[in-house]
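You will see chain A twice below: alongside chain B first, and alongside chain C after that.
Our next item is the complex of A and B:
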């Protein structure tokens, strides 16, 4: 787990240094002399060999210090601790929207294959996948914030400060983020459930006199639970990545917008800190899903050895 | 006679302004309320000496009073923390400091504090503005309310320099306490005191109850929402989440004008879009090539296409509202592609010339670059564009000496001598070729000898004529400060410097 996260930071570190530009020039101000720029380069350690810079950062990480932002001087760990909860709240809400809408739509399509309902759901799913989330975000803002004044168009409120306001601020960005996920969930559920509902054991369940709803919810969903969990992990990874754009559109001071601005300003410690935390989150979510699948499906626990 | 869009928009703006004026006349300033401003990004530092962006000022002004102020419309110097100033000889400036002023932490803002501040700006290792006060040789206090600046050379630009970062007074007690952390813990003597800064989120100020101006400030506080995307910022004002937004693009201004209950204003600024030249080498060292570039540009069309006719055409580096503007110098380079071709032929480029244009990679800069590329073709000039992020391209052009010209902007300085020295002086950072223009250094020195505005204006006319005749750059447009706010916001006045200030703002209703 840790090697994968560190590899991600190493790759990002290398990529950032491949991009032209020098943060010392930015830090030195508008009329800085070459001497002042090189002085700043020395003060910030940017004049050291790249390998040394990376190892110094890594040494700090291993001692619990993610360093300070080059641009704002703020400790990176503190910045992440402040911003990550805002992003995670939106991501979790978006995933909830995606599941709450996507699963019933998928079931509806699977139980009405070939019908108009199936066509409509498939059309909606195709639309959800095709719509760029930033465009959808602007449409939602125009409708619900500017015209109707129902929900705020910008900003975020920490959940612990005011849960109601936090929810009001998170609804539109979460809806924009959820559209693609909802479509993906509906399509996957439809596909998997259609196969399950055609299985011989389902014929037996019908013969036993179980209602359609009981068959779907008690037997069908249980059979596709592993798929749903895997989908959930993928959705989390994708939604977390999409916050980079959505947070800019909604002016949310979360982890995504922080990374964009840090990358533009070549704020290496901030970018690497955020990448490390994001990579750890993704790895941990995958691990958690694997463990849960193993727990709910005995086949996942079987040894593959001789 | 055709009525241009500028005339129509100007008329609309005038009507709006007069409507605002009538409302302001009807409503006396009132105390209370928090102004919510959409600001497009984090401040680089709350320490005026270590900040590094001209965009910081909007958040610095409420916290820090300057020694000297500038008139919003003409940029002439006027008293603030210094009640008066006087050059007793060409190298000695005496400042009388306002009595009974205290910083937010109750430290006295007296002569000792002023000396401490000016010494700090000159000697602090992290100071980015040492060059601004380079002319100061020694600082002496006389009593508690008088400071004497002994200069190395005559420098009558100094009063206006002290209306900028160098003149922003910080509490010596607070700076001693915080050191480098003062960047995030500012204590000044301004109308507002610092409450909170959350990176990429907001900065919050509260009213300074100990402020020296009676009855001021009108506001209980200011909250800057840090929204880096202007479109998002405008939406926040349209939905009523914020009260005020500045630095809109012309396209966003059109949208704001359609907004319900929004007041918009367009006002001239010093912010000049231009082509910087590296005239220290190659074909750009030939004045005829630089003149050809200037003749090849159709500024009127450029304004219409890139700024919806909302900006002012730039003949020189000062807009017509500035005290040092000289109308006699206008119209030196009308759009004349034939003349451009003839000049190139005269310089030996009979089949035209190919030059490297550096440009930023944001959408607006790319659009401007593409317009210029098309316009220059008719003058026999082919531009090869290289684009990238602002810090990268700026560093490559000015430090790395890459490219023949850079499409960028000059944000302006309170005193024009700073602009000309930085851009065209032999050692100016923004003169990448480091070439010396005959007569310019002496002409620049002459602008700093006398304090009398008419004398200085004449001296600046000479400087500007040298710059224009030698085509040391290609000025394009002066950006207008495009602002939108809701009808609650009253008393806002634009500044020619283009950096919004909220000194007179109050909230109605």
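Our next item is the complex of A and C:
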């Protein structure tokens, strides 16, 4: 966890130095005067050695200081803290959709390998990963917002202000986000469960007279529990990333759309801040999943690493 | 070997796309960038089979000229990923020890960033544009290939022919190039084919966000961005570019699966799409 997080900060720090040319000019903006540029260079410590710059920046990050947005002048950490809840809400909803649809589809395919059902699930899964999520979002908007007027096409409402409206605004974005995840979940569950159901102990269970459903739900699921949890972390990574595109489509003022605005507007502190926060969230989710797996699955206990 | 009908279809579609790329000037009914404000947002008719966009450009022509853009962008990203990812992966798997640990940690760190986020971040740093965007996507995909190259190298590094060559005094570089690489190439090629589909989706996403192909270049993702703006007036604009992206990414995935089946018939007898994909399957060494 710690080495991964440290390496992540190093990579995010390196982002600014990827920019061709002088970072001070980049930070000052294109039309800044020479005096302003040298002032910025001094203020931001860009005239100091790289290692010192990194440590100073890291020290700020550890104290919750992600510097200020070049576009709005607002502290980056504050901007992210304000926008994160909206993004996390649609991410969590999307993960719920993906699991609620993906797990049963995967189980169906695994218990009917080689049948029509398996083929249909396989086709759905293949389509799910091949579909550009923003295009799916456009189709959903055309259908449910423009034609049927069931759900709002754009915007978001904070959960705290009005839970019902918040949910109505989040349904379409979450559906668009969920398709790829659902496909991934169905495919992994199908793969893992097929292996489990071929195991000798399952033949024993059949011999004992246990019904197929009981075998799947009582023994099959338990055997793939660790995989399901790992999938959860993978799903979080994937869905969180996809908010960049989906929030832009639905004009949701979350951290994904903020990131795109920042990248287009060359607001580097904001880009760095969002990338860092997302990476840390993913690292934390991985750690959490590893801990839970170590707790429920004794075979994985060695896995709770440094 | 019998070719699955879907695989044949995928190969046919990709061949057509390649041909479209070369023959676009003769096949496209109009220039992809010729504007005609008097004919903006026309519905499909006999003259404009797929209608016109908000600047009066022929959608079918843009779609046809978009095909080489999509293919070239996908190949560029995967080539960059292979160039950056494969050599360190080979080295890590072959050398073991601290080199392996260091490269492994770096790979894990890059993989802890959501892929598209890192691509958008790098594109933001490099500046918007199709080439820089696809280089960014390549950098983001590199760890996937590095991880696979490492795992496959570990399987062959102790083979007698490697030992024998080492006994003759071959250098590490020579061993990697002449003996390891050819023997780990097959799974890498399969994975790279599958990555083409993801690179295509990444290109479409970046161009949709305005960070990839810049106007007036005909990119399917950029076409969808315009279609989105005019969705309430001309909803039919969004179907053709979207379908082109879906079919192409399905075809790349299908081709990857077909290659896997052809190169390694033993892996999973049942497998169509569900074959374990090393890039996304939870690998056992995550536990180690």
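Here is the rule we go by: the second predicted complex is superposed on the first by the 241 of 306 C-alpha atoms of A that agree within 3 Å, B and C clash if a C-alpha of one lies under 4 Å from a C-alpha of the other, contacts with A are read in each partner's own complex, and residues count from 1 in each chain.
Throughout what follows, a residue touches a chain if its C-beta (ideal position, glycine included) is under 8 Å from a C-beta of that chain, and two chains touch if they have at least 3 such contacts.
If you're wondering where the values come from, they're calculated on a predicted model, not measured in any experiment.
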Touching partner for A:231 - first (chain B), second (chain C), both, neither: second
Contacts of A:191 with chain B and chain C, given as first, second, both or neither: second
Winner by number of chain A residues touched, once chain B and chain C are compared: C
Contacts of A:79 with chain B and chain C, given as first, second, both or neither: first
Partner chain(s) touched by A:141 [first = chain B, second = chain C, both, neither]: both
Overlap of the chain B and chain C footprints on chain A, listed as residue numbers: 19-20, 141, 146, 248-249, 264, 266
Interface residues, chain A side, partner chain C - complex: 3-4, 7-8, 10-12, 15-16, 18-20, 109, 113-114, 119, 122-123, 125-127, 129-135, 138-139, 141-142, 146, 184, 187-188, 190-191, 194, 227, 230-231, 234, 237-238, 240-242, 244-245, 248-249, 259-260, 262-264, 266, 268, 271-272, 274-275, 278-279, 282-283, 286, 300, 302-303
Of chain C, residues touching chain A in the complex: 105-106, 108-110, 112-118, 120-128, 197, 201, 204-205, 208-211, 221, 224, 227-228, 231-232, 235, 238, 242, 245-246, 249-250, 253-254, 270, 272-274, 276, 280-282, 286-288
Interfacial residue positions of chain A with respect to chain B in the complex: 19-23, 25-34, 36-37, 69, 71-74, 79, 82-83, 141, 145-146, 149, 152-155, 248-251, 253, 257-258, 261, 264-266
Contact set on chain B toward chain A in their complex: 42, 44-45, 51-54, 128-129, 131, 180, 183-184, 198-201, 225-229, 232-233, 235-236, 238-242, 388-389, 391-392, 394-396, 399, 422, 429-430
